[in-house]
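There are structures below to look over.
Here subunit A shows up in two complexes: once beside subunit B, once beside subunit C.
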Partner chain A sequence: MDSLIYHSPALIVALPLVAAFAIPLISRAGYRVRSTFSLVILGLVTFLVAVLAVDVHTVGIRVYTFGATAAELALPGGYMVPVRIMFQVDGMSIFMGIIITTVTLAALIYSIHFMKDQTGQARFYSLMMLLYAGMMGLAFTGDMFNLFVFLEIASIAGAGLAAYRTNMADALEGGFKYIVVSAISALMVLFAIGILYSQYNVLSIAALANYMQYTTLDMIALGLLGGAFVMKLAGVPLHMWAPDTYTVAPAGTTPMILAASYTSMYALYRITFTLYGAHIDSTAIGWIVIVVGVLSMFVGVMMAVHQTDIKRMMAYHAISQGGYMLLGVGVGLAVLANPVALASYGRDAINGGVFHIINHVFYKALLFMTAEAIFFRIGTRDTNKMGGLARNMKWTAVFYIIGALAISGIPPLNGFASKLLIYETVLQFNPVLAVIAMFVSLVTLASFAKVFYSAFTGPEMPAYREVREVPKSMIIGMAILAACVIFFGIFPGLIVDNLVAPATEALINQAPYINAVMGAVP
Partner chain B sequence: MMEHVPLDFPFIAAALLMGVSLYIIIFKKNLIKLIMGVAMLAAGVNLFLVALGYRAGGGAPIYTGVPKETMVMPVPQALTLTSIVINVAVLALMLTMVIRIYRHTGSLDSEKSRKLKG
Partner chain C sequence: MSALTYGYAVWAPIVWIIAMVVIGIMVFIWRNRGQKSYKQGTAQTDVFLSGNKVPPEEQRHVKAANIYWGFFESLKGLYDAMMKPHTGIVNDYIIWFVAVLAVTILILVLASL
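Our next item is the complex of A and B:
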């Protein structure tokens, strides 16, 4: 048991990676064996993530060095710099790990029935495991080059999943856009890594942060990394791929691709806070993040209002909600150098921005799943063709209401908890930004209410008289997320204290991350 | 022979490759040309990484050969190799998708084969 905990950072990535390549083989034994195998592997990994989360919460940052005699030995004997590949798991990494794992678990359970009659299921589950391994690696890695490798693993798997329904031309288009954007941003990241390596001769994030001089070349590298990750997380004006890709990806995988976008957001925060940290002009960079956030919020919601495709509407709302996260963290970043402002509202702003990631992924995943449940039963995503569905699909309607109220920030659901934190703190920083944020929230509510009325209420439509509720595994998948949405809304204090605050602390204070590796160096 | 080549020559070549490829990616409408642009961008970045690893007078770090010169640090070469392998996978995936798109829409023009708008 102890060695299981000890090796958990490596196992969390290795198990799904091995499972991804084992699944095509195991699939020969049949549908039931494959589903059980996938669930068992993911259940085991979920247990490991929970154990590691408790460990990181009580003991602190965890370093796992591959190939060392002892996993916590970051510096080999006689060396001053880390030469081995390592994972570093701190509050922020495990926070992302919990999000990714919960969403993947719900998505997998949801997919079991959703995919039952489709062809090529073996590859579908393979890619799902690969995407999971890529995202977890991205969240845990302490090495710049591994960041690139895991980014590419997640991108290839994500694009394969988005284009999974190859019988539809639009699915291929969405997948193709995703892979082009991912390839370009990954190459930008690699170029930036080359620039950083040329100056400091190390690849470890902690060592780079330790030696950081913030020369002109470093600024160029920051620009490249920032641009690449903003493109991957679909921040306006680099958001064009997101609506297409989210719309066409099959049910369970849309939430996973959404989670992959926020893993890129994690990478952006890791670069700006931990790698560059104290060196950057945090007010200027913070304002850039705020402007991207406000643009995303506003443009996203304005594009969403007039959509008739239900998933496309939700995809634009995903861009808009991403703006809230950037706004919260951007405000915190802008006052990072000012201890008084940081203590009075900056820390809470980052709390709000980080808390909104977990809340948004859960309720948006839930909403995407309800949209796909409708698509599963009636075969269209056009809201104008829907009507009266609440009569026959009661559970789906209930889950949609929960998700729609949560995204609009209605108490006591989780969207309210994080949005309130963002409003309060942004109001102290700049009232205009808070007004924009509240306005966007109102428009969000209006747009979701409109879709609710056209899809679920109204007279019974003759074409949909025979429509039945979706199968049980899809309901269970949605119920997991709905339970999280309600639980987080009722006990926000519990979550903020135990999950979000350590993540914020890990962002603001870069010293523990550096010292965990470079501790022996004076 | 090598000492007559200015050391920053590979960097200029890499910058040119990346510049041209960005132009292709942004302005060309043909999907195959777009993929060629991504391939050139990858080539530019790989050239940049290899050029970083070059040290005048350094030897290849192969221990069995017992070289007399000082050996170079092989990290940039290792990075390049990994990056080439990854890019092969990415380009192969892109090409398969484009073939499928062509079968569905009968066009490689990104304006004509578009289905998703607004």
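Our next item is the complex of A and C:
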């Protein structure tokens, strides 16, 4: 057991990576064996993530150095800088790990029945595992080059999943766009890493942060990294690929691609707070983040309410909700250099932005699954062709209502708790921004009410008289996420104190992250 | 454990749920004291459209494209401007990306001067 805990950071990435390549072989034994194998691997990884979360919560940052005589030995005797590949798991990393794992577990259970009659299932499950490994690696990595490697793994797997339904032309288009924007973004990340490496001769994030001078070249690297990650997280005006890609990805994989976008948001925060930290002009960068956030909120929601394709509408809402996260964290960043404002509302603003990531991933994943459930049964995403579906798809309708109320910020669901934190703190920073945030919530509610009315209510459509509820595994997948949405809504204090606040602390205070590797006195 | 404490305020969902349940019970009691002569399946429940012939149920459902028509019509100018950059062409996405990179780097460098 101790050995499992000790090696858990490596195993959490290695197990799904090995499973991804083993699945094509195991698939020869049949559908049941493949599904069981995938579930067992993910179940085991979920257990390891839980164990690691407890360990990080009680002990602190975990450093795992590959190939070292002792995994926690980041700087061997005689070395001035870390040279080995290492994982560094702090409050923010494990926070992302919990999000990614929960969504992947729900997605996998949901996909079992959804994919039952599809061809190419071995590749589907392989890509799912690869995407999971890529996201977890990105969240855990402690060096810049592996951040690029895991970003690439996640991007390639995500593009493969988006284009999975090759019989649909728009699926190929969505997958193609995803790989193009991902490749260009990754190229800029690599370019920025090259700039940093050429100056400091190290790749470890902690070592780079320790030696950071914030030269003009560092500013260019920050601009490249920031732009690349904003593109990947679909912040306006670099959001246009997201509706094309999210709309076409099958079954539970849309939530996974969504989680991949927020892993890029994690990378943006890691770079801004941990790598550059105290050196940057936090007010200027905070305002850049706020402007991207407000634009994303407003443009995302206004485009969403206009859509008639249910998944496209939800994709635009994902962009809009991403804006809330950027707004909250941007306000915290803007007052980072002002201890009074940071203590008064800045820390709570970051808490709100970070809390909204986990809340949004859960309710948006749930909403995407309800949209896919409808598509699974009636074969269209066009809300103009829908009506009266709640009569025969009662569970799907209930899950849709839970997700729709949560995203609209209706109490007592989880979206309300994080939005309340954002509203109240942003109000103290700049009341105009708080008014925009509340207006966006109002339009969000109107948008989901429109889809609920047109798809679920109304008379029974003759074409859908024989429509039945989706299979049990799909209901279980949605139920897991709905339970999270309700639980996080009713116990926000528990979540903020134990998950969100440590993540925020890990962002604000870069010293423990640096010292865990460089060995200085905290 | 349930309540979220921040800055100068507290959000207690369980207290909110209890309050909603109490209000719900009061509304239910009030509703039950209402008109008792209402009968389902009679002319009392028929749709009335100023005396015009009422179309069959399937045709009465308002399609998604027609919902909020007035909202979209009054904001036509805004929507035209917002739709314009959404070309669906990946080359345009990359042009936006390059432009944003240039502006961001410029702001970062200028802010440090």
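Please note the rule applied: the second predicted complex is superposed on the first by the 519 of 522 C-alpha atoms of A that agree within 3 Å, B and C clash if a C-alpha of one lies under 4 Å from a C-alpha of the other, contacts with A are read in each partner's own complex, and residues count from 1 in each chain.
In this section, a residue touches a chain if its C-beta (ideal position, glycine included) is under 8 Å from a C-beta of that chain, and two chains touch if they have at least 3 such contacts.
Given the structure is predicted, the values throughout are model-derived calculations rather than measurements.
In the superposition on chain A, A:Phe191 makes contact with subunit B only, not with subunit C. In the superposition on chain A, contact is made by A:Asn201 with subunit B only, not with subunit C. Once the two complexes are overlaid on the shared chain, A:Ile220 sits against subunit C while remaining clear of subunit B.
Look at A:Asp244: by the touch rule set out above, it reaches both subunit B and subunit C. Touched residues of subunit A were counted for both subunit B and subunit C, and C has more of them. In the superposition on chain A, A:Val496 makes contact with subunit C only, while subunit B stays out of contact range.
When the shared chain is aligned, subunit B and subunit C each come close enough to touch A:Val180.
When the two structures are aligned on the shared chain, A:Ala20 is found in touch with neither subunit B nor subunit C. In the superposed model, A:Ala267 lies in contact with neither subunit B nor subunit C.
When both complexes are aligned on chain A by C-alpha atoms, subunit A residues 176, 180, 184, 244, 303 touch subunit B in the first and subunit C in the second. In the complex of the two chains, the subunit C residues touching subunit A come out as 1-7, 9, 11, 13-14, 16-17, 57-58, 60-65, 67-68, 71-72, 75, 78-79, 82, 85-88, 90, 92-94, 96-97, 100-101, 104-105, 107-109, 111-112. Across the complex, subunit A meets subunit B through its residues 145, 148-149, 152, 155-156, 159-160, 163, 166, 169-170, 172-176, 179-180, 182-184, 186-187, 190-191, 193-194, 197-198, 201, 203, 243-244, 247-248, 303, 307, 312.
On the subunit A side of its complex with subunit C, the touching residues are 176-177, 180-181, 184-185, 188, 214, 216, 219-220, 222-224, 226-227, 230-231, 237-238, 240-241, 244, 281, 284-285, 288, 299, 302-303, 305-306, 308, 344-345, 348, 351, 383-384, 386-388, 411-412, 416-417, 420-421, 424-425, 428, 446, 450-451, 453-455, 458-459, 461-462, 489-494, 496. Only residues 18, 25, 31, 34, 38, 41-42, 45, 48-49, 52, 73, 75-76, 79, 82-83, 86-87, 89-90, 93-94, 97-98, 100-101, 104-105, 113-116, 118 of subunit B touch subunit A when the two sit together in their complex.
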